[in-house]
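In the two complexes that follow, chain A is the common piece, with chain B as its partner first and chain C second.
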Partner chain A sequence: MATLTKPQAKSAFTPSLVLLLSMIWALAIAVYSIYLAWRIFNAEAFDVRESLGNTVQYFFGFLSLVPAVLGIFSALGFALLITNPERLNLYQRIADHELPPAQGIDRIPLLGRYVFLGLNYLGTVLSAFYLLHLWDVFIGLDEVAEAIYENRVLLWGLVGAYLLFWLSGKIIRLQRTLELIALAVGSISFILLLLFSGVHEALIYIAGQYDSLIVWIVTAVVIIFGIFTYNALQMGRTFGETPEQSIGWQGWMLVSPNVIGFGLFLAGPLLLSFYLSFTNAKVGQVPKFNGLENYTTIFSLQLREQKPEHQYPIEALDSDYSIVHTYKLGNTRYVLGARDARFWLSLENTLQFCLMLVPLATIPAIGLAVVLNSQLPGVKFYRALYFLPSVAAVVGTALIWRTALYSSQIGYLNYAIEQIINATNAIFGTDIENPQFGWLIDSRLQLFSVVLLTAWQIIGFNTVLFLAGLQGIPNALYEAASVDGASRWQQFRHITLPLLAPTTFFVVVTTIINALQVFNEPYVLYSREQQVPDTVATAVYHLYLKAFQSTSGNELGAASGFGYASAVAWVLFALIFSVTLLQFRVSRSGEER
Partner chain B sequence: MQKRTLSQKLSFWAERGLLYTLLTTVALLMLFPLIYMVIASLKTTVDFNSNPRRLLPYTHVTEALAGRQEVPVYEFSVNDEEKRYLISQIDANNSDKSDFAYLGEVADLEAKVKLGSHAEQRRNIDVLGIIPIAYRNEEGQKIRIEDQTLTLIPTENIVQLAGNNSIFENFRVYDVFIDGELVQTWLDSIDQPVPLKAYMLPTIAEAGEELTIKVSEPITLLDARDSDRDYDSVIVSSPTQETTLVWAYNASIDVFLDQENPQNVIYAIESFVKPVEVIEFQFSNYEAVLGLADEPSLRMDRALVNTAFVTILVTIGQITTSLFGGYAFSRMRFRGRDTLFLVYLGSIMVPFVVLIVPIYRLMTALGWEDHLVSLIVPWIFTAYGTFLIRQFFITIPKELEEAALLDGCGRLRILWRIFIPLSTPALATHAIFTFLYAWNSFLWPLIIINTGNKEDQVLTLALITLGNINADKPNIVMTGAAVMILPPMIVFILAQRYFIEGIATSGLKG
Partner chain C sequence: MNKRLFVIALITLLSLTLLTPVLAQDSGDITLRWRTRPDNQEEADVYQAISDAIDAEWDGVTLRYEAGGTETAGYQDTLITEIEAGTAPDVFWIPGTDIARFAEAGLILNLAEYAAADEDFSVEDFVEQPMFHLTFSQDGEPALWGLPRDVSSFAIYYNIDLFDQAGIDYPGGENWDWEAFREAAEEITALGGDIRGFGMNNWWANYGYWLNAAGSSFFTEDLRSCGLDNENTVVALEFLSSLYKDGLAVPYGEDAEGPFRAGNVGMFINGRWATPGMTQVDFNWNVAELPAGPAGQSNWVFWGAYVVNAKTEHPEEAWELLTRLTSPEVQGQVAALGANIPSRVSEEALEVFLNTFPELGLNNQAFLNGLSYGVPETPVWFGSWSDIDNAYFNGVAEVINGDLSPQEFADTICTEVDQFFEE
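The block that comes next holds the complex of A and B.
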């Protein structure tokens, strides 16, 4: 079938010429990468902006040798084909299903082609990326935003178009007309936006970049890479590729954006972070490998007894330790010290935060979910209402809570408490005094205030998760129970709670994982102060200070900078990861049962 | 039978009513901060700080006497009749005002100060008397009575003064002797000079008796927190008795003019007088924040455009990459697919905390720090979204696709023509998640964008700055918060059907 329908592809080049060119190009890539590796190995300052140290330099040196090996390999594959034209013929017949595929195919040319394809594809992407960089497109996004801002009136056109579209879905009768109007309004304002925001200026600017040679070279390289990629894609028949194999590279092409992104913004950074955590990297300093020093600094804890000759507890500790806590057992006082005392204090805060947040964010959510889990009209509306706080930005809500609720003079929280107390006093004749809580000022309340805000934000989200869990509980169980005369509470206690356990576990774990990374809430609530108070400083906040604010006097005995912060991050990662693993274990064992 | 159905019906409706009441109450409590944000964003600053608290936005009515500037209107009850008065001066910084003081009895004040917060108690101090502590004499010189003995002779004249809650009290008018000399004095904040001598409670002296007021040593009082403060004291003596009074409260006395008859003047302290207010929504707050008014320190419009720009690009980017990835992972067979998928899935577990430092370094290496691109490009690749889309694509029957493949459709065409239209709910969920995530993101912009860089601010950063710089304008802060919070809320409300179901089925968060 396929042979009949598919006409023989006539190419301007004979296959062998294309193969020869490809081979030369593969060798060129190999030579250039060897040259690049040599340059990297001999470079004095590897990175112009901030050196990352010799290790990274060598890593990149070896990395750029990889394309050299691959290039030589694919060139070898091409060479094999060129020197043996009979193979070409054989492959074409396999591709046309005249011969079974398994016979007589050398793996080297076929693999070589894939390697060549991959190399050229990556080459196209990377050089195009570099070209865009040379064109200043990435930085130029600022200008685009600026231009949109200057012509922001036109944005209303887009908003109007969107609303019209939305409306057209509601009014069936006018759907067609409304859609047309919306399309017209949208496209006109978009075109005007493009016109006014200076597309032509941008093009002129890019053309202006071509006064330097490097831009020309990179453009040429992009084009050559592109041509060879396209060509390698079309060469399937030459190499006797079966449709299954063709699907293979198509699949890789489709996931390639994800893979590249994964490498650039996840795997690569993860490696870098791991490396940095073993160095003393700091701003304006070439990182030096310092082994486990960062980690030992973090984990340096000391429990000492305060002897009578020590006037202050701190004297019981070694000189570079500071106090985390003091304990009193009988008549002796013990001092717990650490080299990075603030890390331990912030970790303690974070754990306390988790402990308080989990019940506050799950128990009301279960209650709400149980109430919402009915077929009554309007329940979906309430479900959406309860979800609204989860949609709002923490920065906004924290500011609202700070000014409108937590303020001790004009805050509604204290106002409500005052009203309740007054009412109680009036009704029962009691004499309770108004406590006038200082929600954000009182050091005993500060952490709780942060928890309250966070719980308020995630209750709606947890409710939706619980609702999903509740919908999985068969109704027949409740019916049977009510026939047996079980009360509502008994039903809840003996049916709902046990059957909801997996969901509860999931919700609790998710809440914990998010709580371990809490940063925004304390930061925004205390953004008016110089620093977040010690009672609410969380682990991520500590990391933030160590990495980015290391000059602002948060030293307290321990190291700081990117290296140390990376080590802190990995310790946190380990903590979070163990919680995640626990969840995986439990949910898997649940499935097996 | 009939009766039973009725009681059943009753209990049915009672239960429903109870349920809805409960749901509504909880919803109101939960949404209170957001509702209050919207209301407060329409208030004036004065109204925001008003005591007692009130929800609706009130605005002080202003009116103008013929040919004059508009001034706030106040309400007094004169002879049990509500009357409107205009304040004669609205500029609080005007130094032309005279200083006045409240006087209280020592023991009385001491008791009150000890009870609790001083600020609270100040308001409730009973006015024993109000005397001017500064005069202007005929030559226009200011005379202060500190260190001087003031001699007052009560006259037959009585003046009405507004005390707390605009209730009038009668005060006797005195002739004033300073160091034995009768001084003609004026209050200088009045439009036309009205000779006001001085006034004291009539109980201290009868008409015609001579009164002396002498500034004496400061008296120290302890308040509830045991911190002490010195209060200036004054000894007032008449022929029959001598009382020590304390300067409890320093304030400026304002002059109020009758709207109908401007010659009719009332003296009172502005904060004690009931203002005439109407409910009015201050849309000008939004104008200020959105840059329509000329107030550069309040504007957030640039940040709004930047945020929208970044959010839309990130959303489009994430949708695109996860569509491709999801399609490949669900429908294409290629070597290493399952391993790759597992690794990719595992990367969801990597918390952002570990990536902060290295991505920051990557951005500085690329020269992207402090630019919008650093908020976009690193965030358009998403393992979570790819996973979500893949899970949805798996449920789409294979037959649809096979038919199209036989017809010679390309993969991208199949994706565009078949998969995208069929997966609207999943796409909507993913798009809204991304939208919210990008719109609300804070830690990353905080690290990568400089505070001083107004060009590349996003809303979260701009709002923090607004909240810190304009802490004295909480209503504007609320407006900023509304500008930040309302757009994603509208998006959510428009698409919440897909969204909530999406969370419920995927059970994961973004």
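The block that comes next holds the complex of A and C.
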């Protein structure tokens, strides 16, 4: 353990000077954060109020006060050390193992250092991202990728270099020479690829961005943050840090890319969508808080009796309600209506989709996994083959299914059915009619067609999961069972299935979650030349429509725009969460029994 | 790393970055990004060439052309996301139906003041129908939301070989009405096998033509409410659904273009944009006007416009780009592709269009005739087109699939749809 705290190189700066600079920088961060918060509260920064409204403005205002508090705290920690050289000396002796660690460690400076480290690390990452943005790197990546694609012929140079390198291992006599040639060929192709792809132009473009002061400032800020992060990492000895504590922050550093990514791209948007669900947010407009209006719109349902004076069911409902379903009980017809009827219809489609998909995507997957787990020849090829649909892009596969398989006139599915029927009629003298299924147009078949495509796509993935589960079952169990005279089926029923239960549970849970979030398949199968019909519109498709398509700027009800779509998303989340929770409960009670 | 070395490295790096402005090629040009949604690579190449040509002769401005996605809905969704994020191009093309929602949401710039200051510009230079909607103002203030890139209309694409086999007259001419259309469809379907007399896709303009030709309309005259609650709607839908019920058409909801291009369909309704692609088929074909309905001839005037991003930093240059992109020369270049019709009232550009595909002997005039009596594609200023469109689409599908009677559709559709219009 002691080896972890390596002796430090002699520094050009004394510890107290470094501490003093760090304290000033921490105070600078605090002062700037307070200034930023003040600007945000006055809506001068980020035009937050214009795009996201007051609440988000205040939220960001308070959020930017957090670094201020943290900065002051770490500055206080540094001050404690600077004003007390004895303590500094004590810590260094602890770090050098001259004294036991527990003795007299004050937690505030140490904690202050971690806070300072975190602040600077985050500062480096965020300001670096901002700098890349100022360099237009994010919108330029497409062009770089395109340019490299255009010069893809140069990639053969890299392939050639690899081949030469591989060859050098085979011909020991010429190993060194071949390695050098490989290195030269590889480097030259790479440099040429970069040059032909215009990387030098990109660099010149980036350099051109430096005609603005802000780019200079941000570059400087990135560097300063970077220096202080590096320094804070090296200051363990100054603070009497123990190896265990050092391992602790190293762990945090390792997971930090994920934590930062989660915060920026998942937790942040989640929080924002939760807030937006209580507003009337629409594209291009300042969101206004509207309380629970979005949720009340979603849950506004009406069950009315269709009276004799109502010629059509819709007349039984209030004017802003549409029909979800009509039911006949005895001689009375009831009409179920909703203010957003299409939400309820899409939810119903989603649940039906889920009910059909789960058995279709799991039962065949178990069967396939059992077959692929055998020692049959060529089994590896089939494992890859069945997995292929899971890695193929859904847009491509859905287009193939739409035109080549599902077309009622020229699709292979109907062609195969026709051939089978013709053969049956010819052999058995029957007179079965060709049903010529309208896979994508018959309202009774449309949803099933989407299920079939989705099941085909995920069976391969589920099979791999089941395969992993099967390989975890000890062979001895099967051997013992066959000694006892158990048949293949009995072995499957009493050994394979029970021991696969945890895998099955995982597969079913993930398939259900995926099914409840389905969007791509109906969207691609239908929406090139037309809308997705009501019969296959799923809940996520509905919320997409509400967010992006119903973006009319007028004050039409509440049921459109980002605010309403966010509310739909949270209702869907609640549903998925409840279903998953229920499954966990059921699974746990099953295990307990 | 040695701390001293580290500090030296940093200082060197900083000094190097200090040198970078010297290396930078600062031409001082304003960069304008612009985008369209081309249907194919050939079209994208023409726009790129137009962009390069304008760029070469325009001092002080550098143009960057971007070919947008070809999927129908994705193009606008991408734009909306980019506008929200502040990364959308300065100038972009959108379909006519989207003008209202983009303008109302404040996503595009009202160009009235730039147009007023531009002596060379006149609204009358462009086709009237799109300009009516592009200058529509809700608050009485002068408005100009963009300039139409081009216009288009529907026609009947017909398979000459199938008509010859059936021994019947080609579509068009004086008596070309719904009755003649149905007779032709019956005769061609009677050829047997997978042959169908007629096919069309099912997005709004397709069933919309039948409704309009029967005398009905998506909207009332003031464009403020649903206009389908009348007997003409019943007549249109009864006629249309009978074509499907009697097996004369490619099943409703299925893409009819594939079977038509495979030579299995006698008549196919589609816009001018489909013409270049049709040059690949291996049967004889031509185009004719849509048949006259009970209320006379009908068609659509499809249009889309170049608009300016409300967040552009260079509104004046963006306006100039709009005028340059819709100049007679550029319109002639686009018209030469044969995919669309010039939006400028220019004999010269129209002549270019009329002479496209001379080797095929196409009846290009049919599209121009269609424009003369066509109903313009309508941006909905007083409601949510997406919701209205969705309700019409599903209702008509129910009628044609036999789940709803035309009468019930006409009686109930406006009750459902009127909630999507402003009070």
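Basically, the second predicted complex is superposed on the first by the 468 of 593 C-alpha atoms of A that agree within 3 Å, B and C clash if a C-alpha of one lies under 4 Å from a C-alpha of the other, contacts with A are read in each partner's own complex, and residues count from 1 in each chain.
Note that a contact is a pair of C-beta atoms (placed from the backbone, for glycine too) under 8 Å apart; a residue touches a chain by one contact, two chains touch by 3 or more.
Because the structure is a prediction, the values reported are computed rather than measured.
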| Does the chain A-based superposition show chain B and chain C clashing or fitting? | clash
| So, A:Q250: does it touch chain B (first), chain C (second), both, or neither? | first
| task | Would you sort A:I139 into first (chain B), second (chain C), both or neither based on which partner it touches? | result | both
| said: Touch test for A:I410: chain B only (first), chain C only (second), both, or neither? | reply: both
| In the superposed arrangement, which partner chain does A:A565 touch: chain B (first), chain C (second), both, or neither? | first
| query | Between chain B (first) and chain C (second), which, if any, makes contact with A:F548: first, second, both or neither? | reply | both
| query | Is chain A touched at more residues by chain B or by chain C? | reply | B
| request: Would you find which stretch of chain C runs into chain B in the superposed arrangement, from 183-191, 219-227 or 273-281? | output: 183-191
| query | Once the complexes are superposed, what residues of chain A are shared between the chain B interface and the chain C interface? | reply | 139, 402-403, 410, 527-528, 548
| request: Using the touch rule from the top, collect the residues of chain C that touch chain A in their complex. | output: 2-4, 6-7, 10, 13-14, 17, 20-21, 23-26, 71-73, 76-77, 80, 83-84, 87, 100-101, 103-107, 194, 201-203, 250-255, 258-259, 262, 264, 310, 380, 382-387, 389-390, 393-394, 397, 401, 403, 408, 411-412, 415-416, 418-422
| request: Spell out the residues on chain A that touch chain B in their complex, using ranges where they run on. | output: 47, 49-50, 52, 133, 138-139, 141-142, 144-146, 148-149, 152, 155, 166, 244, 247-252, 254-255, 257-262, 264-270, 272-273, 276, 368, 371-372, 374, 376, 378-380, 382-389, 391-397, 399-405, 410, 412, 415, 436, 456, 459-461, 464-465, 467-468, 471, 506, 510, 513-514, 516-517, 519-520, 523-524, 527-528, 540, 543-544, 547-548, 562, 565-566, 569-570, 572-573, 576-577, 580
| Residues of chain A touching chain C in their complex? | 9, 11-13, 51, 139, 204-211, 219-220, 223, 227, 230, 234, 282-285, 311-312, 314-315, 319-320, 322-323, 342, 402-403, 407-410, 438, 440-443, 527-531, 533-534, 545, 548-557, 560
| field | chain B residues touching chain A - in the complex, by the definition given at the top | value | 16, 19-20, 22-23, 26-27, 30-34, 36-37, 40, 48-49, 51, 53, 117, 301-302, 305-306, 308-309, 320-322, 324-325, 327-329, 332-335, 337, 340, 344, 347, 349-362, 364-368, 371-373, 376-378, 380-381, 383, 386, 411, 436, 439-440, 442-443, 446-447, 455-456, 459-460, 463-464, 467-468, 471, 474, 477-478, 480-482, 484-485, 488-489, 492-494, 496-497, 500, 503-505, 507, 509
